[in-house]
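The data blocks that follow each hold one structure.
Two complexes come next, and they have one chain in common, chain A, joined by chain B in the first and chain C in the second.
Take a look at the complex of A and B:
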């Protein structure tokens, strides 16, 4: 079977490699609850924000997976999969499909496998992953810099210039922070890091961004060591 | 059917079907989904986990399929939101301010992490076991602290319901989470209800209206409902037969009506804001295009509101921050954006800058504040005096007593 796209980019990838990744998606425990069939009615496309501005269609994902078209699947896995907004507007499907959920699983497989396209898609995003995995909050006030958000207008510059004082001028005590969204206790940050270790998440990070993995491991394990935790006690316990 | 003459005749409709406006919406006799609470209690009965009960006092409200959901009024453990606390802090501050105005007992924990779902939906650098363990670590901490979780973020709310569905479906996932929590020395706890702060505001709306000191009758608002509130695990979002005939979620719209403002409808009400998780941070051309072309411009053309109100971190950020640069393209933008919490707090007299922190928002709020009868010039001077004092004393903070 040929891929759906005439301009397919990955025709030289061995079919067996594509099949392995397809099987990895299908074997995820969630998969059977995400796809029940497809009427091709297009309701999901009508509701989808990404479909309006990208060459992207949740219907194509549902159809491709249902037809087991591994060639088109591989094209989607390396391209369109990162266009999804993950808003789950597509769950309005009359067959109860969840194309957004299929895409979540596909992205996980792409990251776990260390696909170059996943690395490319996440390259600019690494600092965010580091922030959430090491501090327990996803974004911080000090990210509001004019060079990072030039399109958000002059207010970002004002926040950036007055950051320390403006953060102290917020009544809740937990919000007097600059490098974290709120004040997360050190014990809590360490517990979060242990969850990443125990569930095999650090291996995922290593496969997609080795540099990020090394920094994260060094910083957090030093902290664990300082607090008297034996790092070896927290090796991954979640099997495949 | 066969006529007297033996001929076969087809039934022909002799009446036009009722128009949509004449049809009456009826709830299904039986909800099409299982009741998660029954499933949770069954697991508790089997000794698999502990269900954290909604504490009294509570209010019961209708949800999508007619089931009743319990919303706690106080003794709440405030599960904060990354984007709210980090980039729009007046959002969180207003939630706390409202609790304090009603002298309700609550806890603002330092032992809380992000749900990490923003990252998960952006990058997928996680897996179901990790996501469920992060959720349950937070819930375990809430139990240890003696409070019931109140979720500030729409994505945390939606994701935790997704986690709940997975925990209920997959015994192997429950075992993985149990193993992780055992290693952390924490109990395996899941709350009876996943409750969003906007649901708390919804059930408090009449009490808020009783304490209203600013007249909002001249204010027209459009409402944007967060996708992860009403599209992701749909059955426990709040619906009200008196709002949109029970066919759209009543969240946010209910409080706007209670405060005497006008809710204006627009054709892309169901659309996403364009946040996109990954996109808002590293591919904002998409978020900006969608937010302005599909949402803000539609609202402007069809309703011309004074403000648009929403109830989630990402929606406030995307709808607000996307408007600045699109002015360069001559787009028809310029609608102030804030949360229902800030709107409710302003109605009760909250300070626009010290409490609602509106200077962290992008679109000019001054015309709206004037319409609300707020002296924004004087209010900003008050804020600047506070900022000057804090600048002179690096150890000082603004306190609740001062606001």
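Take a look at the complex of A and C:
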């Protein structure tokens, strides 16, 4: 299929494919509690921080889903579904709808089906995903590199030069880390890796960023191997 | 004793409730109905079920009729009309015509419950093609079909795949001269939408509206229910015209909350026609010298604090003769009018010292 128009952000797909994605969102067990009926009153847009800065409207999500408009749904799934900051200010809805929750489900469907928009949106986060999934902590001291934060001024450069020394100056021993935000025990990491694996999170990563998936699998496998677990043997992990 | 007799003109919900009040208070009633059957518009226009609780119209109205018919104080004149009214309260002389014969009936007080008529969508404007296209019908036509237990596309007799309602037809329109909201059409359309979805779950049903006015408990009993349980779509934007493309009618309007124009083919278009004063209401107003309020309905005194008393001594109004009214309004006004009429004849018949 060709792009919808010359500068379209995504290519069109057959209606059946859109319907499948739409049905995947609607069949999520959370869905019936995220959307009741929409007044189209706009209170969610008024409360939405993203709506102030982007061409983004939580109302349009609720409205589109309620109207079962699969073409607009597909448009949203490929574009503005990623403009939400997931702050859930939109839950002020008088009908108790949760447009942010609809977006959560839509994003999961986009990721699970390896939609290009999901790959594009998550590319910028690959370092954070790697950190979270491999260490269980998000922003680590070694991520504070001067190249990435020029607006923080010259101090970042000085600090980053002797990062381990600065970190050792912090009293709690658990913070004497550079590659992690704090010291995460091997047991915790093992549990975390099992969770990623068993909940399908690792598979999800595979569908959006294969390179990242391979690195993560290698890191996880190494630690699991060390402790006698086989990452592909569910029974071995669950049974323990 | 004639000055203690009260006449109710019109045997619809308001007139029936007024009648019940009169006979239950022990006063003599003369109920005049121009049709051959009591029950008013719900019966004569074949409503399938009442809004909002969806009770079968026949069953519900029979309950009202049974409360009056057979009462020893009730003198019911069906297929009868009022030819003239002479005198003043408490000595009205009303000429009632029935089957070519006329009779003068003396009463002490009169309750006008002559109701409304449905707006004729072809009267002022042909923009919706009511008389042009078979698949453009009104709320009443739809009621009649639903009463028959089915819902089909008139041009083919097949079940429709897409149905839409166009709200505020003949209401809220300065061009037409009807500057009022008819109160019930949002609820009735929503009720019919639910009934259609019951019969045809796969049918797409859309309501095009200006404001949804499903007030009070109708909110969740009808509006939420239609949206949440039956996935009826409500789109804010009124249709500018209905045209025909091939065998299908097409509605044209703006989806205002999405900010885009639309043209949608429809199997059936239902016009949510509003209320206008009935011919009987206008005739009674003229005959009794009742002033009309600025919209053209029978005027009452003291605004919101007195919904049934007209400026003419001894004459009261109940139901949609005084303006758009739903069933609850009509029943409440019927009871209030009965009370006021009874206290009026009681007061005027007391011996003066």
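Following the convention adopted for this analysis, the second predicted complex is superposed on the first by the 211 of 240 C-alpha atoms of A that agree within 3 Å, B and C clash if a C-alpha of one lies under 4 Å from a C-alpha of the other, contacts with A are read in each partner's own complex, and residues count from 1 in each chain.
One rule holds in what follows: a residue touches a chain if its C-beta (ideal position, glycine included) is under 8 Å from a C-beta of that chain, and two chains touch if they have at least 3 such contacts.
Not measured: the values here are computed from a predicted model.
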Determine, for the superposed model, which of the two partners chain B and chain C contacts more residues of chain A.
B
After superposition on the shared chain, which partner residues are touched by A:36: those of chain B (first), chain C (second), both, or neither?
second
Applying the touch criterion given at the start, work out whether A:214 contacts chain B, chain C, both or neither, answering first, second, both or neither.
neither
Now for A:85: first (chain B), second (chain C), both, or neither, which partner does it touch?
first
In the superposed arrangement, does A:175 touch chain B (first), chain C (second), both or neither?
first
Should A:165 be classified as contacting the first partner (chain B), the second (chain C), both, or neither?
first
On chain A, what residues does chain B touch that chain C touches as well?
none
Listed in rising order, the residues of chain A that touch chain B in the complex are 29-30, 33, 47, 49-50, 52-54, 82-83, 85-89, 91-92, 104, 107-108, 110-111, 121-122, 124-125, 128-129, 132-133, 136-141, 143-144, 149, 151-153, 155, 158-159, 162, 164-177, 180-185, 187-189, 191-192, 194-196, 198-201, 204-205, 208, 233-234, 237-238
Contacts from chain A onto chain C in the complex sit at residues 36-38, 40, 42, 59-60, 63, 66-68, 95
Residue numbers on chain C that touch chain A, as the complex places them
223-224, 227-228, 231, 233-236, 257-258
Show me the residue ranges of chain B that touch chain A in the complex, using the header's touch definition.
80-87, 89-90, 92-93, 96-97, 108-114, 116, 118-130, 133-134, 137, 141, 158, 166, 169-170, 172-173, 176, 179-180, 183-184, 227-228, 231-232, 234, 270-272, 274-279, 281-282, 284, 286, 288-290, 294, 321, 324-325, 354-355, 357, 359-362, 383, 386-387, 390-391, 394, 396-400, 402-403
